[in-house]
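The structure appears below as structure tokens.
For clarity, chains are labelled A, B, C, D, E and F in written order, and residue numbers in each chain start from 1.
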Amino acid sequence: MILDSYRIATEPYYQPQGQEIATFLAAYHERLPIMLKGPTGCGKTRFIEHMAWRLGKPLITVAAHEDMTAADLAGRYLLEPSGTVWHDGPLTLAVRHGAICYLDEIVEARQDTTVVIHPLTDARRILPLDKHNEIVPAHSDFQLTISYNPGYQSAVKDLKESTKQRFIAIDFGYPPPATESAIVARESGADADLARLLVTIAERSRNLQGHGLDEGASTRMLIHTGRMVRAGLPLPVAVQSGIVLPITDNPDIRAALSDAIEACLP
Amino acid sequence: MILDSYRIATEPYYQPQGQEIATFLAAYHERLPIMLKGPTGCGKTRFIEHMAWRLGKPLITVAAHEDMTAADLAGRYLLEPSGTVWHDGPLTLAVRHGAICYLDEIVEARQDTTVVIHPLTDARRILPLDKHNEIVPAHSDFQLTISYNPGYQSAVKDLKESTKQRFIAIDFGYPPPATESAIVARESGADADLARLLVTIAERSRNLQGHGLDEGASTRMLIHTGRMVRAGLPLPVAVQSGIVLPITDNPDIRAALSDAIEACLP
Amino acid sequence: MILDSYRIATEPYYQPQGQEIATFLAAYHERLPIMLKGPTGCGKTRFIEHMAWRLGKPLITVAAHEDMTAADLAGRYLLEPSGTVWHDGPLTLAVRHGAICYLDEIVEARQDTTVVIHPLTDARRILPLDKHNEIVPAHSDFQLTISYNPGYQSAVKDLKESTKQRFIAIDFGYPPPATESAIVARESGADADLARLLVTIAERSRNLQGHGLDEGASTRMLIHTGRMVRAGLPLPVAVQSGIVLPITDNPDIRAALSDAIEACLP
Amino acid sequence: MILDSYRIATEPYYQPQGQEIATFLAAYHERLPIMLKGPTGCGKTRFIEHMAWRLGKPLITVAAHEDMTAADLAGRYLLEPSGTVWHDGPLTLAVRHGAICYLDEIVEARQDTTVVIHPLTDARRILPLDKHNEIVPAHSDFQLTISYNPGYQSAVKDLKESTKQRFIAIDFGYPPPATESAIVARESGADADLARLLVTIAERSRNLQGHGLDEGASTRMLIHTGRMVRAGLPLPVAVQSGIVLPITDNPDIRAALSDAIEACLP
Amino acid sequence: MILDSYRIATEPYYQPQGQEIATFLAAYHERLPIMLKGPTGCGKTRFIEHMAWRLGKPLITVAAHEDMTAADLAGRYLLEPSGTVWHDGPLTLAVRHGAICYLDEIVEARQDTTVVIHPLTDARRILPLDKHNEIVPAHSDFQLTISYNPGYQSAVKDLKESTKQRFIAIDFGYPPPATESAIVARESGADADLARLLVTIAERSRNLQGHGLDEGASTRMLIHTGRMVRAGLPLPVAVQSGIVLPITDNPDIRAALSDAIEACLP
Amino acid sequence: MILDSYRIATEPYYQPQGQEIATFLAAYHERLPIMLKGPTGCGKTRFIEHMAWRLGKPLITVAAHEDMTAADLAGRYLLEPSGTVWHDGPLTLAVRHGAICYLDEIVEARQDTTVVIHPLTDARRILPLDKHNEIVPAHSDFQLTISYNPGYQSAVKDLKESTKQRFIAIDFGYPPPATESAIVARESGADADLARLLVTIAERSRNLQGHGLDEGASTRMLIHTGRMVRAGLPLPVAVQSGIVLPITDNPDIRAALSDAIEACLP
């Protein structure tokens, strides 16, 4: 089938933190569009992969960006020997054949993207392809999920009210320490002690958030650092290259962060 | 017939609130263009669907956005084996074959869109296709309706006087509580008690409008929340994911809204 | 003949207000370009239609907008089986075959449009098609007329001196009450009393111009309102939907306008 | 010959005002590029037409504007049955076959236009067509002339020093009264009295320049007004439509200007 | 093989300064994306060339700039006799066939570039080619490295947190004097005395950084100057043309820099 | 050979002023990229032509401007009967076949131009044509020279440090009076007295630089003025049209400049 390459073969590991699975399942049951909210690297992408696997549906992911046009989502005409031929874009593929479509960081997109999804998110459940003079009714399996990092939003770049009010929202945050340690250990191959230590380091960095740091270290960074240690790098070098150096160039913040970390190291 | 896919087969549920149906029918009788004004999710789209069904006319809906060009409405040349061939855009389809054309959130569009509709909205009732050197006289069934959310307008983005003065305007607002409860119950499958409770919650949120919230919860959100409850989600989780989390990320507003809601919950 | 579809078959009703017809005829006799100045909906478009009918010349109307390019006026190459073929734009059509070309709201256009008309508006009377390496001498019947709403102009969007000084200007305003009543009665089918009443309402709204309203109600709005009444809508509902709601969303101005109107209603 | 349609058949009337003809002839003898400076409608275009006629050279005029690209001057590839074919733009035509190329209002153009002419205006006298991988040496008859209205220039839109310093400059202004009267009489068919009166009116308007008026009435406007009178319009109506209404919409300036004019009328 | 022209045949000279080689090897072992941070001309490009040679992998370098589009990285359709054909861009080449892809000065790129690399830098290791409806899984040899000059970043142009947190970072700075002298001697053919002298001069310029100079002289400049001396230019002339004149046009800074340098010259 | 039309047949006259020839030869010997710095019309273009002639290498000159794209330098696909065919741009021509490539006024270009030259200006000496999936190694004769007018640079438009530090710089200024007189005499055919007088006039204008004038009169202007005199124009008229009128429109500066000049005239 046309969407086979979008199916997820093996279960993506996901550690639940609250009501997010029940909420997603209820919204999916009602085919209501879903908005995943939360900071960088806290597991939103993993969650949607897990849910797609759990529901046995193909998943089409599109990373939104400010140069993305409606045609990048909906499709366009391409020139072939027999003339111009319509090619479905990733959103149309999902709508027509029944996939979960995941629009990552939707606020980055221009407003024409946002507007394209409106008729898919109300009772109509259709995708009008104006340039193709076609109205595609959504497949009964189609589901739309978007992600949204509230920390990024500004007055200039925000979803319009008429868009926001179409979505069921699920909040994500950093997991509690024990859960996060388990995730880091499992994903990086670090032992329990190292995983706990890395989570402690992350907490120190998160305390600096708003005091010079835009965001603290994500779960993803901890996993990277654990893998660097497993690959043989000394722990202090791994922590510098995996956590400290990537998140700030400010010498004072680097020093503060390094001091806070050093106090945790064995 | 070419517009068959744009016909509405079954009656869309619509609960009248005032003189809007009489006004629409009079304007349609005179083929005067109509502007639907009102906030997000209060039923403008449903109203136009209802009227199209009632009048037995096909409905072509175009969601305006700031990257939409005049060609997206009027049509363009496409390359085919025999050379370039003209393809009517959605507005031209409606003009030529006699549909109601609904331009949703017209202020989002660039001014060339607005200007394209001028000769359709005065005594001429024509659509000049400059690039096609054709003047399309409007079919006697053609009617133009636009929507407009006054809450969005700014000095930068507003209709020009010479556009505004061409339209008969109909104002929409949130329905009175009893009407809104009936709508929510019917559309979400919620029982009367839950529907009334959801409307009470919406009123609390609308009281916060202008005090941190850009807009209160729409009727659409209440219906979504009712459907989440029907799908088995506990009421407080449904209210959070369907109403509180989507409309604000500000922790203080979230707390105020949650408090106001909690006081209503059974 | 190629311009037949641009001929006006039946006399467009026009009620003269001053020297405008004599001025237009003198300028047309000299083939001097003409600029019609005046507010929204006061009859500029009707006047040019009337003059085209009176002179028995085809009329090609182009609504200018800020995304209009010089090619939209002059023409462009289109791809055909035998290669690219030149297609005249509406201005070139008028220049080559002898029509009156009416550029509506010229200030909306980008400067390349304005510059395109320069060699047509001095002794040369030519249209150089640079991309086609052709110089089109104007047909002896060709005449250029533009419209201009002085209320819109800002420092950013204004005609350049070198453009303005090429035109004979004709000023338009709202007609005197008796004339306007006659126009409204004739165009809307309203009886004399209703027409007079509508003109009185318009005068009230024009008094609010500059005090919260950008422009008062145009003659066009009065005609629309009269037609809504003829279609069976009660007068107060017709006045709201045809005059009050379209021109302002400000609740205070709406109230002031409604009060001023109510005092006139029978 | 390819440039025949650019030749000027009959002598364009030009009334010399100073050393401008000698300066132009000397610069043409040396093939130095020339810049004509002066206000709107004072005869720069007529002068270049006269000089082209006098020298017996074809004249290619291009009106610069801010959307003009280098390709609009130099040329571009067009799609033909045998593939893409290069078509010379107007500047390349002039360079290759030996015409005077007149770039009107050069400051309006984007900087790529200005840069395109640099290698034509120094010892190299070549036009590199980068996209065509061709270097066109200028024909020995080729001459470049540009016009420039100093009243328009702002900090944003001005020629670069490295462009200015390549040109011989000739200054133009309004002619002295007797000369201007002779021009107006000859060009409009007005008798000597009317011509003198129109020049007096122009002087009044020029006195208001900088006091509410951007520029006073040009010689062109006087000619237009004379022609309107010849076509039978009463003098006061002709003066209003030909001079007062086109140059200002400000009621106070209109009144001041009308008063100043009325004092001159017989 | 298709990437052969991207292989580095001879060992690029690189003088290690710290843990950078171990860190790179560990990150490469884990196929974690790498970010090289540091000032202009301190050896980042040489380092990645050295590592590619050391690992025996082809290296595809792309210099990012603000006009680079996602298609410049991912690929595009080109028109061929049989219709449009997809051509892989440099990033896709690297992903599909297993090269190290080095994106130089990534912050210069528009956000669509940044977003394109996201799915390559997490557990998915895929490159979705939306316009080609293809998901390219990364070859097991594929590795992504980006460079980043912290001195350039501003509030407007910076990597997003969600991008930064995906990378292992390696810091680069100017080498210690003895190391830098050795590099300069080896690369420029200068003798040890001249090399040491040039490094001393560089240190003087680096002391002026932040006091009128944006950046001090890079190692690259010292090598250039050494080569100019080797080519026979007198040392003071070489120092002026290779160091002083390129980095500043400010006469005061030039004088200060020249004075500081003169004190070192023999 | 393909570059023959880019060879300079006869020696371009150039009067050396310092170490510039030795510096250029040393940098060319090392194939280091060169940056010519200096004001308008002081001889940078003539110098590079002279050096190309002296070295017997073809010279490809590209005038940079802000609308120039990387494709204008590197090349692009053109549509031919057999499909799209790659055409080398001027920079690629120079790189592939061994010419000196002179990028005039490089700061005018967008950053993608600047970035395109980076891999040509370090040890790699390659030009990656991303869109053509080709890496062009520079011909051993290839040399890159850019020009740069420090007087133009602003915070917005300046070369990046990482670009500047890749170039050997050569400073140019106005020649000393005796040299400049010799140049003017030779290039304009003026006798020694006139040449000296023109240089004296230029010095007066250069004293006004920064006091109302952006730049003083260039050597080029003196040559133009000398040629106008030789063509028979009286000296004062030649000086006005060749020096005073082109560089300023400010009446006060014009008067000051004219006064300063008059004092020198015989």
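Everything that follows uses one rule, which is that a contact is a pair of C-beta atoms (placed from the backbone, for glycine too) under 8 Å apart; a residue touches a chain by one contact, two chains touch by 3 or more.
Keep in mind the model is a prediction, meaning the values are calculated, not measured.
Among the remaining chains, which ones contact both chain A and chain E?
Neighbours common to chain A and chain E are absent.
Mind listing the chains that sit against chain B and also against chain D?
Chains that touch both chain B and chain D, as defined above, are C.
Farthest from chain C in C-alpha centre terms, which chain would that be?
Most remote chain from chain C, centroid-wise, comes out as E.
I want to confirm something about chain A and chain B. Since they are copies of the same sequence, is their interface symmetric in residue numbering (over half shared, so same) or not (under half, so different)?
Mostly different residues: under half of the interface numbers shared.
What whole-Å value do you get for the distance between chain C and chain E if each is reduced to the mean of its CA atoms?
60
How many angstrom lie between the centres of chain D and chain F, each centre taken as the mean Cα position?
30
Could you please state the distance in Å, as a whole number, between where the Cα atoms of chain A are centred and where those of chain F are centred?
Computed from C-alpha means, the inter-chain centre distance equals 52 Å.
Residues of chain A that touch two or more other chains: which are they?
79
Round the ring starting with chain C, chain D following: which chains, in what order?
C, D, F, E, A, B
Which of the residues in chain A end up touching chain B in this complex?
Checking each residue of chain A against chain B gives 19, 22-23, 26-27, 29-30, 32, 35, 37, 69-70, 77, 79, 82-84, 110-112, 114-116, 118-119, 122-123, 128, 130-131, 133, 135, 150, 153, 160-162, 164-171.
Okay, in this complex, where on chain A does chain E touch?
By the definition above, chain A touches chain E via 5-6, 40-41, 45-46, 61-68, 72, 76, 78-81, 87-90, 93, 104-105, 108, 149, 151-152, 214-215, 217-218, 220-221, 224, 227-228, 230-233, 237-238, 241-242, 245-247, 249.
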